[in-house]
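In the part that follows, the structures are each spelled out as structure tokens.
One chain, subunit A, links the two complexes that follow: it is found with subunit B in the first and with subunit C in the second.
For the complex of A and B:
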């Protein structure tokens, strides 16, 4: 005898217990401490901060542990916490030219004022699994300290008027996308905000597509820099700016060929990417996609997926995407029942075709 | 750390209520709003939850259903969420609720003027499957240009002899806006028309709210020679014997034997209690 499905409440309670157990794993193994995650999984911590839009290494580490290392779940946890925080002010624009650089490379000039600085990078590690896992050797001190002031490479081109100039004040005041809905067409400041919260994998694929002929933008990595930047706010009651701390950022400025159009002379154009912590792949991808999305402004053909702002911006957020894809596992009994009954009707008709289907004889103009 | 009553801060609730007032003022129009990130996943009712949170007061009695049932896991989880962050009274009885949040059904029991029905909406734009671009669909709504939808329904008839939409069946609200009733079966569409209860729709991921105010005319699209029809069953509910409710089909053994039962669990158990009394 069928009994109407009951027990959802109890099932959820049991599932939470099982989850807690699975998350902890073998209790004979010591539990991960947040400091271990923060210090030893720093790139994961950075990604969760970036896509979770909240710069807090400890909360990010907590989210990663709670999510058992599932980065998208950790990002979701951080976002759901962030949404409850009051907005008591906005920072002044960050000055990345004054970054205390730990890494800085340019693909466009062999040498640049301040020099090329590799810093801590996986780029030249040869990717051999480290079975021995030797303890960390001490770091050889640099021959000379890095100069405190490293001009941005693109500013050097700017002096020669070879690269498009961003006029101060030409940038519209950005809306807060976590408070205002995204509307189309979106201006560049809004697009960049969306991209910076966007999924790294999605942006990587979109960026990759622009290198394979879908919106070819002939990019050069003008400069990638990573390091600490001071954060300043200007409280109304003070009337002057104060420094409230510093954060680690990765910035990428792409240089892209442009043959002129829409009243703009032939010159190099810019694509911009910025990421919290060490997030070079994300920043580079973002810069390529940013440039592709500028097609309208520069009167370029706009037939590639990466140039379609509704397509890119509507699908970049992994919290939205993950929720909606996975909502399919929720019950859909009612709709499925509706489809079953429709399909049975259509199948019955298929067996004995009506005149409408045979010859389309009743081809009438609808009246409504 | 404690959360504000019903989770959202009061400023956010105010923003939501203002958007809801606008929605009520323009029946069927999709109002963009500053949808917040909620601690439940997108696609799982974040829009409905925000609307409910903006409306709940300490004296409200909340009912949450999914697929017509109070005990489906997602309904349980949303009810648990509000008991946790708002500590309001909850009920499984349609008649006792002041606020009902629903996914995919309208209760069989008729609603009253002092009740509000909140729908969870995955895709607020009825034209989305025909035109993916938001900029374009907004223009079509502005011009009340719904030819695309009429052609789609007409092509269904030409191809299959029927309109092949069985749920999320498009409606025209107050003779003006083409509107998605959310993925309710078209069986429920007639309940939208001139309903005494206020009907509010929340789409969190898509950041849109809309409303069907009480006693608003809601018309399911159709043609003169192909009038709108709802689903009918040859069966009756095997638990309560109802012949007029929406039925779920349940597979009860390995040989695929089916039984049909009410999807609205409160309606069904109420009828059984009555029969026993």
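For the complex of A and C:
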């Protein structure tokens, strides 16, 4: 039986009005300006850009305000908006070696060329709520800028051939998950696109599981760098490459033990993470999960959840996950009526057992 | 095409895109658009897919998209183009106009002097300051030697 249901327009209209009011809050309090969100909630703006998979601080700030600070809703808004824009093309590969560094640390070498640069980080705060909210102190710049070329820390190991070298090879055209569906097995480039868009909380948990022993990888943070990278494109109309601006990125190069296998001698291997804006937790988590997902390539045991690419890649996207979990709120009246009617039939049969069931059923409903 | 004694076209187009939009607007105030100015392709915002490299050096992967505004203009007998990150249409229009006028021999010198050079100095100054501020947080290790 199919029952068409119509109604609720009035209720929905009132609900939208209530939402608008709730989102605005007390009108005696000034409304947030987008510039305030962009400047003062920059880490939230970065997360929404990264998982919304669209670098635009202003759109991200708008999405955060509209979603009343619900990051996953803001990410959804950004993903929906991008579908309305034409695709002009693909940029040239980002050159993170030429990053104008604002922060760069290594957990593996104390003395690195260019030095350890802490930059703006919560790492050394005491995590005490600041009720005083003291005015911001100005930073006195150093006499000399950082060296223009900060060598990658992992290149130090590369010189000794103690770490795997990652070459572009034939530099194949990568799969674009915004155009093609995810299929398995997915190659590393495809996995990295999926992880780039993936939910930070999910990747953090997966990464944490590898540290706790589900996929032993013994990681070190070889290098984390954050700063500005130029974005370059080569439009057909020009026939030569130009810079179109610069963006802030966080890159994490994880170093992991490898005992050798598949014809490869024992050496350090790498996991890679990249995130828009200041997204250190995301970049580190991504790097650990990237490394765990390389188990097949490196002939490692693959019995941990973080090594199961079908599991990880199918559940990393919070827009998909949120949609599927939350769709349960929508009317399932007919589905549920069918279940209810089935259960009533079963319950009636149980109350008045047929002769066959009497002889066969062994369980009893406990009575008080 | 008239060529610059100072900069290749790719360099000035890059600089116009990297410039602060307000500073570009202020610098271009002094220049009236040529009489024949016609917008061939009005400013339009779209997407580029950012590409990264696996491990920073390996094969390419698609990282995520970025908003870009492009614009094309005919001015002073030359066609100027702009591709500028973000959705600031005014920025793209001014960059395209400046690109056209920089290609014309009779306006190149003035634009170079009053637009390109000041914008480059401002960009260099901002980058230098940001780098020196980051350098202020560089760790100086003091090693304590124990025993003899």
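Please note the rule applied: the second predicted complex is superposed on the first by the 339 of 368 C-alpha atoms of A that agree within 3 Å, B and C clash if a C-alpha of one lies under 4 Å from a C-alpha of the other, contacts with A are read in each partner's own complex, and residues count from 1 in each chain.
In this section, a contact is a pair of C-beta atoms (placed from the backbone, for glycine too) under 8 Å apart; a residue touches a chain by one contact, two chains touch by 3 or more.
As the structure is a computational prediction, the values presented were derived from the model and not from experiment.
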| item | value |
| --- | --- |
| Partner chain(s) touched by A:247 [first = subunit B, second = subunit C, both, neither] | second |
| Subunit A residues touched by each partner, larger count belonging to subunit B or subunit C | C |
| Partner chain in contact with A:124 - subunit B first, subunit C second, else both or neither | neither |
| Subunit B versus subunit C as contact partner of A:235, first or second or both or neither | second |
| Touched partner set for A:84, first subunit B, second subunit C, both or neither | first |
| First (subunit B), second (subunit C), both or neither touched by A:58 | second |
| Which superposed partner A:178 touches (first subunit B, second subunit C, both, neither) | both |
| On subunit A, the residue positions that both subunit B and subunit C contact, one per complex | 82, 86, 178 |
| Residues of subunit A that touch subunit C when the two form their complex | 49-50, 53-56, 58-59, 82, 85-94, 96-97, 100-103, 110-111, 115-119, 139-146, 152, 165-169, 171-178, 188-190, 192-193, 196-197, 227-228, 230-231, 233, 235, 237-238, 240-247, 251, 253, 270, 272, 274, 276 |
| Subunit B - residues contacting subunit A, complex | 3, 7, 9, 32-39, 41-44, 46, 66-69, 71-77, 80, 103-105, 122, 132-135, 150, 154, 157-162, 164, 166-168, 183-187, 205, 207-208, 221-225, 231, 233, 238-239, 246-250, 252, 259, 261, 263, 265, 268-269 |
| Parts of subunit C lying in touch with subunit A, wherever the complex brings them together | 9-10, 13-14, 17-18, 44-68, 70, 72, 81, 83-87, 127-139, 141 |
| Subunit B partner contacts - residues on subunit A that touch it in the complex | 2, 4-9, 11-12, 76, 79-80, 82-84, 86, 178-185, 310, 314, 319-320, 322-327, 330-335, 337-342, 345-346, 349, 354, 356-357, 360, 363-364, 366-368 |
